[in-house]
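Got some structures for you, see below.
Common to both upcoming complexes is chain A, partnered first by chain B, then by chain C.
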Partner chain A sequence: MEHAQHIIDATQDIFSSMIMLEVTAGEPFVRNNDKLINSISGIIGLAGPTKGMLAIHMANAAALAVTSAFLGMEVEEIDDDVRDAIGELANMLAGNMKSVLDPGGSDIKLSMPSAVYGEDYSVDCLAGAQSVTVPFTFDGLGFLVELQLRTDG
Partner chain B sequence: MGKTVLIVDDSNTMRKIVSRALRQAGIDFSTILEAGDGQEALDVLSANAVDVVLSDINMPNMNGLEFLKAKAEIPAIKDIPVVMISTETGADIINEAKSYGAKGAIKKPFTPELINETLGALL
Partner chain C sequence: MDFSKIIAETTEEIFNCMIFIDIAAQPPLESGKQAMGCHVSAMIGLTGGISAMLGIHCPSTVGLAVAGAMLGMELEEVDADVKDALGEIANMLAGGIKERLSSEDIDLELAIPTAVAGTSYVISAPKGSQRVVVPFIIEQGRFFVEIKYQLN
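This part shows the complex of A and B:
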């Protein structure tokens, strides 16, 4: 469960300062490739001596609420704005985690953000990676932030 | 007279967020221009009088560092100040950006107050 507190600190900072939403962290756990239903995931790949991924998984209702708050306008369907917003959230979270894992900033490379969404899909684990997932709640809705890391050598 | 700012970010959402933060920052911007990558930013700077640029680093096509290097080669726009606004704010990458002419860096997430403080010193 290493890095769980970093995930909590980064997520609460980003949501309070950029989205004006206070989110409450739950107990960290290891996610077992459970299927994601009617959800959207923002994903950033990490490459270098430490590789892995940072993902934020949100049910559609949570993604719509977050994007609406993020943009300051009502968003009613999963569209380009929602995919872009969730990808950008993953990007900010990954950048924050990178500053913890790689303070100099030259060892870990971050990918461009990508978003996956659908009625029924899974985001698989990196082979041999250590994984931690933190659940968060706000206004009766929830989302997950997942970090997978593998250090070679 | 209000200032003109150019926001460079491949994320349409982030351009909207930065634009909103600029309006909340209390600096008198009369015009907010946008570009989706470094090449688009060069095109906008060549066609408009811009007072300051806020640029992401991690972008497709031409990233923020490549944009700084290319801009430094164009006499008509090389002196327009650029502030990097990015999740990538490690010492190495910021020093590299400054070596190419960046005047400062703002880490995402950011607040309007931080934007005011950083840009206020340049305008």
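This part shows the complex of A and C:
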């Protein structure tokens, strides 16, 4: 749970500066690989001595609202723009958190973001990493930001 | 970097040595969006000389067969064992690719594997990334090994 505050700081920072949305953080929890229904997830791997992944999980309605605000245009379906925006959001969140978790800059490297989307799927991180998820809300919509980390050696 | 060749060789090596299933690589798929009809995937990030995501995508029956062969047990549903086994395969594939690329002076580091499972999902990569997908055949059907990458 030690990273919950990092997630909250990074998410509020990115949302207020890049997306112009104020988001409210809820109580951190450990996600149990619950099914995601009609959702999209932006996922990015973290490599180096500290490994892990960062994911943002959003129901479609939240993803459309965030992408519309991010791109400054109305987006009505989960298309390439939305997939790119949510992947980029994961990338920005990971970059922001890296600057806090790894101020020296050599311990964590970001890989390429992917977007997973669909009517019914689950996302599990493997390999015994520590995990914490923070729920956020804005305008009656919600999303989750999940961080999994493992330090080798 | 001939990724279809690298994927075919690495995957065949790992399946021969670690999982003991005979597999045959098929020609890489044409690029573009693929409806692979897959219900369990494992993926892992790689970064360094290139920024990449390696994934293995299986229909349920194929995922069960591969994980079952690797674990030496009969598996009936896509559970944590299946996801762990596929995650470990993704990890080994990424390790094999890392080794092959280091001989071309491209250094890479691996993230940790993530499993995606469900009845309906698609995995996409950022605009402007390259993508290579190689199908493999086993007795129960086809699975796919994919790399998406950007040059850094």
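Heads up, the rule we're going with is that the second predicted complex is superposed on the first by the 153 of 153 C-alpha atoms of A that agree within 3 Å, B and C clash if a C-alpha of one lies under 4 Å from a C-alpha of the other, contacts with A are read in each partner's own complex, and residues count from 1 in each chain.
Operating definition for what follows: a residue touches a chain if its C-beta (ideal position, glycine included) is under 8 Å from a C-beta of that chain, and two chains touch if they have at least 3 such contacts.
Quick caveat, the model's predicted, so the values are computed rather than measured.
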Which of chain B and chain C A:D84 touches, first, second, both or neither: both
Partner chain(s) touched by A:A47 [first = chain B, second = chain C, both, neither]: second
Which superposed partner A:K35 touches (first chain B, second chain C, both, neither): second
First, second, both or neither for A:I7, with chain B first and chain C second: neither
Chain B versus chain C as contact partner of A:S106, first or second or both or neither: first
First, second, both or neither for A:V134, with chain B first and chain C second: neither
Which superposed partner A:M58 touches (first chain B, second chain C, both, neither): neither
Which superposed partner A:Q148 touches (first chain B, second chain C, both, neither): second
Chain B versus chain C as contact partner of A:D120, first or second or both or neither: second
When both partners are placed on the shared chain, which of chain B and chain C touches more of chain A: C
Chain A residues contacted in one complex by chain B, in the other by chain C: 80, 84, 87-88, 110, 112-113
Chain C partner contacts - residues on chain A that touch it in the complex: 35-36, 43-48, 51-53, 55, 80, 83-84, 87-88, 109-127, 129, 148, 150
Touching residues on chain A, where the partner in the complex is chain B: 13-14, 17-18, 67, 70-72, 80-81, 84-85, 87-88, 91-92, 94-96, 98-99, 102-106, 110, 112-113
In the complex with chain A, residue positions of chain C that touch it: 42-48, 51-53, 80, 83-84, 87-88, 91, 109-127, 129, 148-150
Residue numbers on chain B that touch chain A, as the complex places them: 10-14, 16-17, 20, 58, 60, 86-94, 107-111
